[in-house]
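The structure under discussion is supplied below as structure tokens; questions concerning it will follow.
Just so it is clear, A, B, C, D and E label the chains in written order, and each chain counts residues from 1 on its own.
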Amino acid sequence: MGPAIQAKENKILVLATESCAYPGADSVGQAHSSYPANVYILRVKAPVLFPERFYLDCFAKGIAGIIVMSCGEECPYDGAYHALARRLDRVYQTMKAQEIDIRRLRLTAICTVCNRAFLNEVNQMNELVQTLISAGHA
Amino acid sequence: MDDNLNRNVDAIVIGGGIAGLQAALDLADQGFSVAVIEKDASVGGKMIRLSKVFPTLDCASCITTPKMAAAAHHERITLYTYCDLKSLQRVDGSVRADVIQRPRYVDAQKCIGCRKCEFTCPVMVADQEQGGFSPTKAIAIPFSNAIPQIAVLDPEHCMLCGRCERVCPTQAVDYFQKPRPFTVTARTAVITTGFEMTGMTDKPQYGRGTIPNLIDALQMERLLAPHGPYNRVLRPSDGKAPDSIAYIQCAGSRDISMGLSYCSRVCCMYAIKQAMLLSGSLPLADITIYYMDIRAFGKGYEQFFQNAQAMGINFVRAKVAAVEAGPDGSVRLHYEAQDGEGVTTSDHDLAVLSLGLIPAWHPDGICTLATGTDRFIEVLRPKLAPVQTSMAGVFTAGAASGPKDIVDTITEAGNAAMAAGRYLAAQPGSTPRPAETRADIEATVHIDG
Amino acid sequence: MTQDKKNDNATAPRIGVYICHCGGNISDHVDVDAVRRQIERMPGVAVARTNMFMCSDPGQAAIAEDLQNGTVDRVVVASCAPSLHEATFRNAIRRAGANPYIYEHVNIREQVSWVHHGETATAKAADLVAAAAAKAGLLKPLTPIRVPATRHATVIGGGVAGLSAARDLAARGIPVALVEKSSYLGGQLARLDRIAPTGERATDLVRELAGAVLEHPDIAVYTDTQVVGCDGYIGNFKLTLRRQAADALIGAQADDIPPAGIRPTGPSAAERQETALETGAIILATGFRSYQPRRGEYGFGEYAPVLTLPALIEKMARQAHQGPLLQIDGRPIRSVAMIHCVGSRQIPGIHTEDEEGRLNEYCSRTCCTATLNAADRIRREHPGTRVYELYRDIRTYGRGQEDLYEQAARNGVVFLRFEPDQEPRVTAADPDDGFALKIQVTDTLTFGETLDVPADLVVLATGMEPNDVSDLVEMMKLPVGTDRFLLEVHPKLRPVEMPVGGIFVAGTCQAPFDVGETCNAAGAAAVKAAAMLTEGHVELDPFVAEVDTARCQGNGACVEACLNPGALNLVEMQIDGQTVQRARVTPALCLGCGACVAVCPTNAIDVCGMTLRQYEAMVDAIVAGPAAAETV
Amino acid sequence: MYHPRDIIDTIAGNLRTTRNPFGIPHFLVNRWWRKANLPRRGDAMLFTGLMYQFIPYIETSTGYLAKYEESPLARYLRYARYAPGYLSGLGLAMITPSREKQNFDRILRDIVRILKASQVDLYYRPELDRYSGILLYDLGDQETFVAHARWLANRLKRAGVRKLITVDPHTTYALKELFPKYTGTSFDVHPYFELLRLNGHTIQRTVTLHDPCFYGRYLGLSDVPARALAGLGITCVEVDRSGAFTHCCGGPAESISPKLAGEVGRRRLAQLEATGAPIVAMCPICLANLRKLGADVQDLSSVMVQGI
Amino acid sequence: MTLLSPDFAEELKEFSDDSALACFNCGTCVAICPLIDAHFPRRMIRYVQIGARERILENATELWKCLHCGLCTQTCPREANPGEILLGLKRLIVNHWRKKA
């Protein structure tokens, strides 16, 4: 595996669409379910805005994991989801080339009431990050 | 908001479900001021309580919440929730609605929706918003995506222990709140009072509500919703994941013996939709839909039905004649298999009654609106003016004038807003107020309780 | 805590950060004061305050005061979910006389204090506030985009949908051009007789609608006219109309039913051969045509007594006569067999595709009721004529329709039900039977027995197909579904809108509808157009793409990536005396999705209010936290 | 299953010639009243329609029918109408056990006792109390039924009868619904439990009430006997199918197919037994058929009489 | 099967107040009938609807299985009154036998 990530770099970035995933995260809050505090949610109109280098820069800056929470096929911008999926494929290629564990970037669809799916995603990513950190220490 | 709830607006919309919200938005976007009178504590109607919607399988909340929020934030829309319409009359060319806001026992202006009261309340009550399957508290926010986010105290179950009052950070709990009568005057009204489901006990042959694992379709919506009571589909009696599920179509429609001769129009599609969602969450389960005619008439509906068949959902042409409790919590169905088997019984782990739709509201004693023999609001010219009621300047849309699916409801709401707009435009001295800037429109949240 | 972090540079942003306790909802888990202490040391932060309830009047007043006395010119509020109060604070800022877009909202309730507890909650809240402050430093005032709109709408199609939409818009004071290909108004409805379940005469309805349209001074009716050109965008379309000889169009009628409807006799609005029209909105109401059965489909074209339902209706209306037996073309009909779902609900592998390999898999929605209506009428008016209906599912879904089904049954219409893979076979009858035709059907209602239905007449309940509007589809970039009907943006969110702003869809060009449903669709489309055109301008969100021409190299990647064709174009312009190609945004068409931002090699394009630089600044702040930011 | 034509013809023939479906002389069938000491004048005439009285004879005849139903002899029955011997008339009367006859006669006397306890001013005229013809109506022999009904209606009318108290659902239905429709003569018809005002000592017990189709469904009377029982402190447990949705006891199939009667009866019995409480019937056909299946079923009157 | 003859329903009207025409073949009567017997009674009703007179005559004795309990009529969602139709058919058949005799 590529460069191990450091313990202090355990922050997870969530890019959440304002029409689906972001209110979904609010719904988790309303239910007072807890999830790791290293999860940071940024509200975006459409994640198709971010170029490939944005993701790579985030990893370089020390972000441990990124979850792109889109609206999936229900995306209000026709064609955006497919453009995004294609772009992330290219990011994966570069990550492989740079020996960054590709599991650190995930594309998923979360809707306004997907509480359980949201928790699954952030917990899984957190577990992965913790595993990679302990591997890094080892 | 001032203490006085009275308003003078261009249009009153009775009912804040999807039809009412769409009509209100389309009226307000034309420049008219609108008051929405809703009987529940939240707007959103039946649609916000659904899991996913056919034929696109969009999440119902994701489609409804934007419209709820848009109406709540619209400069020209005032939402009145938890209100009963006492009378609706034409007075000197205008329409007057006398309304009583029921007490929430929580000050709508002070409540910040934090749910501290709900977490503190010691009284558990069955949460009807979750099909009665899970508990809520005697003081609670109605449901997670309710608008407005204001707690409601249930006086039936509250034991006045005072804990909610003590814990509330804004002193919003008010055990002495009184019903608040007020009057909204307008020049036109749109009736969007929607539907209710027929009762589980309406057809005596279906067990009179005593069969443990026989549920209604709205309960199944909650079981299927991502934020439902169990987070997955389990049968209520023993928490078993059902291996075999039956849908009983026309359980409250097309049945003169129940006093309902009409087709409820949405049950075929919602059953197929639920069956598809079930086969997603319980891939090994057998799902059977017992039907007389599949009525997949809308855009994309027939293909949806064909997909369901391709997915392996069983369609049996039979009207289920009787239902009884079977062994081990199962539900036993009696029907005539028409493919040569003849009279047949089949046992299923869980069965769903595809109940029919009946009007949620009747104008008796409130206004002079004419209704049809089906008790839905009569439209005088169903062809050229399908939203025109028997009262001048009063229009209707959605399931108030007969069962309708969401797509047809939203389109009809648009037409009701058009008809009401035309009526307003034809009134002397009527010009819609020019919009200020978009920022204004977005910036004001009009929620009067 | 108001001591100014004096800033020498007067142009540097002065950020005010306001953190809400939410009456303990936040402060029980987040040390609000600790966050404030950390954040006020951040560069650019002029002031950081806390309040028990930021959304309360005193909370909002604090922001207004700081803005008005010049302490701050950027605002960050950390409180609950933006869906609840972002609009509240934007409005407070506007009321204080500032631009509402210098505002950034931080959600430290639903996404911090309600989901995390203890020190981590405080640390995360501080990080998020720092990130918002970092973004706020880069925010610019924005103005909503105001596009002037021509107060005029064009309706294409003169059937029920078009007539109804035109009448609605004109009643709202919007001038309308109604463009109809043929010489007649009324469309397919004009070809019907009495319609179910109300029993109204179709011609009365057409006369009423067309009359209202023709009489209205604000509606210009262009018959024998087609749209041959379309340019522009929402509020500002330029259409070219061409007048075409009526004769050439009649041939377009696929079946042998003569044209019907109201033929305007007054002077046509289309005086010239070609008319240029400036219009603010377009409503497509191009309607449907009746499915034309293949030769040999249920004996169609092979046996004379096999008719389509529209043909039967037309013949019954035209050759009305009384007597116990129905007569068609002078022949007494003792028995009629009506076959449902002809050209509808076709199933791959069972039904035969047309020449272009297509199947109509959809249900045409109206044929069940129309067939029952005809059958019931035959039974009532000609009790000697037997009527059989051969169906797959009876779809009498609408109000009064199920009653019609029952009434037809009680009046003696006999129903036979077949499975799609066991289609009825129409053949010539044995001469001894005395009937013209015989239909063999495996009837599931009679326990799967094969029955021979005698018939003097076979009626095919043909479905709907959309009219061919490939020219308009091409010209206006309209999406078409697999069923070949026009495809709306979203069936529930935007059911009457095309993705191109300002173009709407109404009636049976979108999907099969009955008359009432068509009028609803027309009203819904008209109300959208009316809302758009009432003000004389269209106001749009300022969150649209913006090109930095200094950086743009004109390589066109953004144009290719753009999800809304037309929103981005390469244009020639003069820069430093040289002619260069640069990207240009048409704000009225931009959706603000940012697909262009990601592909620009020179970072020359950004979405206002959510620039890539702003997101990067937020990530930096999240990684570093406010403490680190302080040391920067 | 027997050929219905044979059964219909036999019964129709008997009815035409003897006014009795089994051809048994009237004086032999209707003997119960002799010890009852009933007035011949009063407000309302008790009209049994002879249904309770027939049961023992039906039991006997169908006992033979059941024996041969599945055998080749069934076809032989076709000739029965030429030699009805042991299946009708005097022969049938001779082979029917008298103990059974007494049991059913006692039910009628109990009904009289509870009516009297309710101060009902009743009278009885055995010569007017004849069979209603309902079986032929059910079997589709409309012609014979109507002819018989007209005869009976005229006889009652001529005797000045206006108000009738009936004791079984079949006769009640015939007189109340069918006679006005097919004979043009209406009587004021009341099943006996409609007239009860029982305030005797209360019996604390629970019973399972089997609603006969004609009372529960056709006449909508299932609440009335339950109310009368409640007056005596007797509660009725809810049966899965009751009231308008009550399930047939199978009895009416007796004459055509005793086997079918058994099948249907067993289904009903299972529903009744599910309640756990003793079963009470109010129709002689129900009573007989359920008893034949081994159930311990009491007549409604037998339960009520204990309360007075 | 041979030609249909819906006139049979008219013939039946002489013997019954109700015709079989209102029935939409849902099968409730079959499933609710205490007999639990294949397609009884809808088979007979269906034969009336399409006028399969011979089928009815061939299977006439089946009609007397009906106990006239009325549950089908009570339950019928179209108020087609199956019990009365069967009774009407019995009368028609009895009439037919007598005429033949």
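Please note the rule applied: a contact is a pair of C-beta atoms (placed from the backbone, for glycine too) under 8 Å apart; a residue touches a chain by one contact, two chains touch by 3 or more.
Keep in mind it's a predicted model, so treat the numbers as computed, not measured.
Looking at chain B and chain E, the chains that touch each of them are C, D.
Summarising the inter-chain layout, the chain whose CA centre lies farthest from the centre of chain B is D.
The most central chain, judged by the distance from its Cα centroid to the centroid of all protein Cα atoms shown, is B.
Distance from chain A peaks, on a Cα-centroid basis, for D.
Computed centre separation for the pair chain C/chain D is 70 angstrom, with centres defined by C-alpha atoms. Note on chain placement: the centre of chain A and the centre of chain B lie 35 Å apart, centres being C-alpha means. With centres taken as mean Cα positions, chain D sits 53 Å from chain B. The set of chain A residues touching two or more other chains comprises 23, 30, 32.
For chain B, the set of residues that touch two or more other chains comprises 56, 58, 66, 205, 254, 338. Shared interface positions of chain D, defined as residues touching 2 or more other chains, are 244-245.
Of all possible chain pairs, the ones that touch are A-B, A-C, B-C, B-D, B-E, C-E, D-E.
Touching chain C in their complex are the following residues of chain B: 26, 29-31, 53, 55-56, 58, 63, 66-67, 69, 73, 112-114, 116, 149, 169-170, 254, 261-263, 265, 293-303, 306, 317, 338-340, 372, 374, 376, 382-387, 401-402, 406-408, 410-419, 421-422, 425-426, 432, 434-435, 437-440, 442-445. Per the touch definition, chain A reaches chain C in the complex via residues 9, 11, 13, 23, 25-26, 28-30, 32-35, 37-38, 40-46, 48-52, 54, 57-58, 61-63, 76-80, 83, 87. Chain contact summary for the complex, chain D toward chain E: residues 1, 3-5, 7-8, 138-143, 213, 217-218, 244-248, 250, 252-253, 256-257, 260, 263-264, 267-268. Against chain D, the residues of chain E that register as touching in their complex are 15, 34-36, 61, 63-65, 67-71, 74-75, 87, 89-91, 93-95, 97-98. Across the interface of their complex, chain E is touched by residues 205, 250, 254-258, 292, 318-322, 334-336, 338, 342-344 of chain B.
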